[in-house]
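In this document, chain identifiers A, B, C, D and E correspond to the written order of the chains, with residue numbering beginning at 1 in each.
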Amino acid sequence: MFKITPMTATVIKNLFTRKSTRPYPHVVREPFELARGELYIDINDCIFCSICERKCPSQCISVDKKKGLWTCDPFACVYCGICMGVCPTRCLHHKKTWRPVATEREMISMQGTPPKAKKKSSAGKEPEGM
Amino acid sequence: MSKTIIPFGPQHPVLPEPIHLSLTLEDEIVVEALPALGYVHRGLEKLCEIRDINQMIQVVERVCGICSKIHAQCFCLGLEKMMNVEPPPRAEYLRVVWSELHRIHSHLLWLGLFADSFGFEALFYQLWKIRERVMDINEATAGNRVIISVNVLGGVRRDLSAEQVRWITSQLNMVEQELKDLQSTILDDYTIRSRTVGKGILTREKAYELGAVGPTLRGSGVAQDCRQLGSSALKHLEFQPVVEQDGDSFARNKVRFLETLQSISLVRQALKGLPKGEIKTKFKGSPEGEAVSRVEQPRGELFYYFKANGTKNLERLRIRTPTFANIPPLAAMLPGIELADVPVIVLSIDPCISCTER
Amino acid sequence: MDEKTYSENSADKPVEQPKAVLETRQIQAGSLKGEILLLKDQGYRFVTITCVDLDQESVDLIYTFDRGLEMVHLRIRQPKAESAPSVSDILFAAFLVENEIQDQFGICFDGLVLDFQNRLYLEEEVARTPFCRYNVTRNSK
Amino acid sequence: MNTIQIIMALIAGLFLAPLAVGLITGLDRRITARLQSRLGPPILQPFYDIGKLLGKEAILTNQWMAFCSLAYLAGAVISVVLFFLQSDLLLIFFVQAIGSVFLVMGALSVPSPYSQAGANRELLQILAYEPLLILVIVGIFLSTGSFKIGAVYAMDQPLLFKMPLLFLVLGIALTIKLRKSPFDISGSHHAHQEVVRGVYTEYSGPYLGIVEIAHWFEIVLFLCLISLFWSTGVVGLVILLGVTYFAEILVDNTTSRMTWKWMIGSAWSMGLVFSLINLLWLYYG
Amino acid sequence: MFSKFLQKCRVKSPWVLHFDCGSCNGCDIETLAVLTPVYDVERFGIINMGNPKHADVLLVTGTVNHRNKKVLRNLYDQMPSPKAVIAIGACGLSGGVFREAFNVVGGVDKVIPVNVYVPGCPAKPEAIIDGVVRALELFQAGPEGV
């Protein structure tokens, strides 16, 4: 049958045991090994094949082969990891932590060297265009 | 007698989602309840024409964040049926593990919100605290907390290591223990019972006729659960649907609570029987023809219809979600109850509006 | 890479692709209600209606029923210019999906018990029968 | 009472008492959080909340609401001051009741349905606890022979021993007044409500701040009433208040919100039975 | 002195209003999760208010469609200033996967001004806390900052 307040035991137990609150942001928990966080690209390895652009479910990546420009709209990225899986050179990765919050709309665009016919030179990397 | 019309929603603290009900009241008694939808409608079925079938997995996952894995699974099952692709056994077991984990987190979420709907905050917080363990399992194994994106056509994307299997089992043991500590509160507490017993009664006949699904149907005494179809590895696992006879909010509450424990047992069984081998079948080609598929979501039966024409894009995708089916029973339950019971009864069908409107 | 499969390294054994067939029973719009009452007597319950755009003139309406996890599908071919019979008077549960089809395909249902007047989901500015690929005029009521 | 005593009482009633209640409320939120396995807000949180509300933009639906919130505040403040001046219990009771009614009138003056529903329920709450208060005051009269607060302090043993059941009755009234579960029907601090924030819905910005301060004064009054039950020693008084308040928090965390019918039914039946037994005992004992 | 105290109170007591503007629930439940014991944003004085008239910070999740953009606008107008708006998740920022769907406006900032964007799909609770903390920094900067 019913009881009056069976919750009492639980709340009293809570009072005398450790609280479960994680004191974020003062203490940041170690992220999980496989967590899918912010997307980034090793632009040096990118061959501008545009597979990521075509496979992205959110259509947030655009690749300009001529200029050697890889652009991603981080505000549309859904962090699914599809592009990472299909990249032939494995140059796309997810960081383990999430992308920081922003107050302005911004794009990630990375300038690499587009592959010359046959020959692939080492590409210069520019900082993220924040 | 004076009639007042109270808008329930679209923005309401009890309900995180925007459903709008116009409640016509006579002295705090509801005489009419009209649902108004459209606040979450995105029209994503239409997206199948511009996204290919692989991209659509990510889209249908986002029909509803709470049961995303199961949406993707239903989509994959249907297309695999159309294309005659058989996922490897390990993938089938892994699918069960993740879908049941999703069911656990969804039910815990719901039990918490339900407690919140009658103002039992301590219970709400306690259940969500337990739920965080399941979210951690999701994040550790699949890389994301809510939308875990593990399904692909022909299998799954992530594998579990032996160490992870042990860790999941130990975490689930804790979840089970903590839940059992709350059992007497959820099932026996006087204040909870007096708020839920006999509220929002749906008789067995009404539930069946109005097309109720999931715990709403099973709380009314009909033992129907799509998991009985034995899709994925469920055919190898021991499973009996949870049924309650009373058909009131309390019965639905009880069904969900017991199902949570049952899902823990299913995950355990699936992890124990996890076969070795591949996690994905490779295949070629595009689907053609028509098919339907259905699986059991935390909220009930999910139904997909596919029509394809041999290209990479589907011609028509239709998603009938469980809440869509549960709204007519809800509309039948509301008249005649008190205003104070409206949140309780609305929540008792576990409404998922983003599912409903897609 | 892009034309065939999604799989990451596409070394595959091609599988024959037969055309998937959904077993449906084609019936006439006039006999729809009778058939539904018959199914109802046999203990079937309503699952949903699916509307599929076929061409300029017509759509398919697929009525799905279920009994103990076993499904039956009825199919009628519905001309877009004509009103479809509403089954919401015998199956209350159908009112929502019929309103949805009204919104998305512009098909009118005669005798809907709860009619949202094409405004179930969509506001004025986008209410242009978005799911029709071939025809974008709405039947005015 | 001489002038210095009166000034002291005024300072205590007007400044110290609400400050103390602010701290108690902060402590309440902290303990509640711990019971829910959380860390909880800083102890000074209630003051921050009030400060922020006072600094917000004032959007008023009508002028009447501003007047009502001020009248509510005035009622609460005057009743507390009267208490500290050791005035007549009945007078205090009526001043407080009038103040509470103004809160409802303000909420009723707006056509918002949530505010209306909340106001209705607030009226029902007032209806539920005011009779209980009267019974308690009658009990005090029976045991001291006077409605004056001074008479209580003149007693040589705590009232609690004479009227333990009436103390429980006052506990019920306190739960209703604190808006704690199972009686958080017309509005609560945490807005998880079927009527959004009920009676508070339409008060906003600084006026909500005023209403909150008035509510603090009401809590002061109720805690003062409770303190009357142990008037003989400060230590006993503090312990009694602490235990009572902790019991309130515990009840809040272990019950769900009930409906107004249940509230009226249980508050009246329990309250009447308990007080009747206690009053008969006082009368014939 | 007094205005400094008010300033401090403003930072210490942000009451949030959460509005689901057509999200898939992913971000909603993460927004709710930040209120629960494990993240417990009441540490920062944050209370989830159901009432726009009492709220200081508006958390918006979801794609924004043609029907609820009016509700969103209305809620925003009902909030007394100073106020801040935080858009959460890929959908709230740009429409996410649904950008090309027909009933999607795409992004909260097409309807009301947004102060902080929290990316993610769904945004992690930690990221949402970051977002709120960032919005509080704007409060700190004074009413002009918001």
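What we mean here is this: a residue touches a chain if its C-beta (ideal position, glycine included) is under 8 Å from a C-beta of that chain, and two chains touch if they have at least 3 such contacts.
Because the structure is predicted, anything quoted here is derived from the model rather than measured.
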Neighbouring chains common to chain A and chain C, by label: B, E
Chain pair, B-E or D-E, that carries the greater number of C-beta contacts: B-E
Far-end chain from chain A, centres as C-alpha averages: D
Rounded Å distance, chain A centre to chain D centre (Cα mean): 52
Whole-Å gap separating chain B and chain D, where each centre is the average of the chain's CA atoms: 43
Length of the line joining the C-alpha centres of chain A and chain E, rounded to whole Å: 22
Mean-CA-position distance for chain D and chain C (Å): 59
In chain C, residues with contacts to at least two other chains: 6, 121-123, 130
Where chain D touches two or more other chains at once, by residue number: 33, 35-39, 190-193, 196, 253-255
Sites on chain B at which at least two other chains make contact: 12-14, 38, 41, 43, 46, 54, 58-59, 62, 120, 122-126, 129, 132, 144, 147, 189, 191
Residue ranges of chain E in contact with chain B within the complex: 17-33, 36-38, 48-52, 62-63, 65, 67-68, 71, 75, 96-98, 100-104, 121-122, 124
Interface residues, chain B side, partner chain A - complex: 51, 54-59, 62, 120, 122-123, 126, 129, 132, 136, 139-144, 147, 149, 157-158, 181-182, 184-185, 188-191, 193
Partner chain D, residues of chain B touching it in the complex: 4-7, 12-14, 28, 115-126, 129, 189, 191-192, 194-195, 338-343
Contacting residues of chain A [partner chain E, same complex]: 19-25, 28-29, 57-59, 73-80, 98-105
Chain A partner contacts - residues on chain D that touch it in the complex: 31, 33-39, 250-251, 253-255
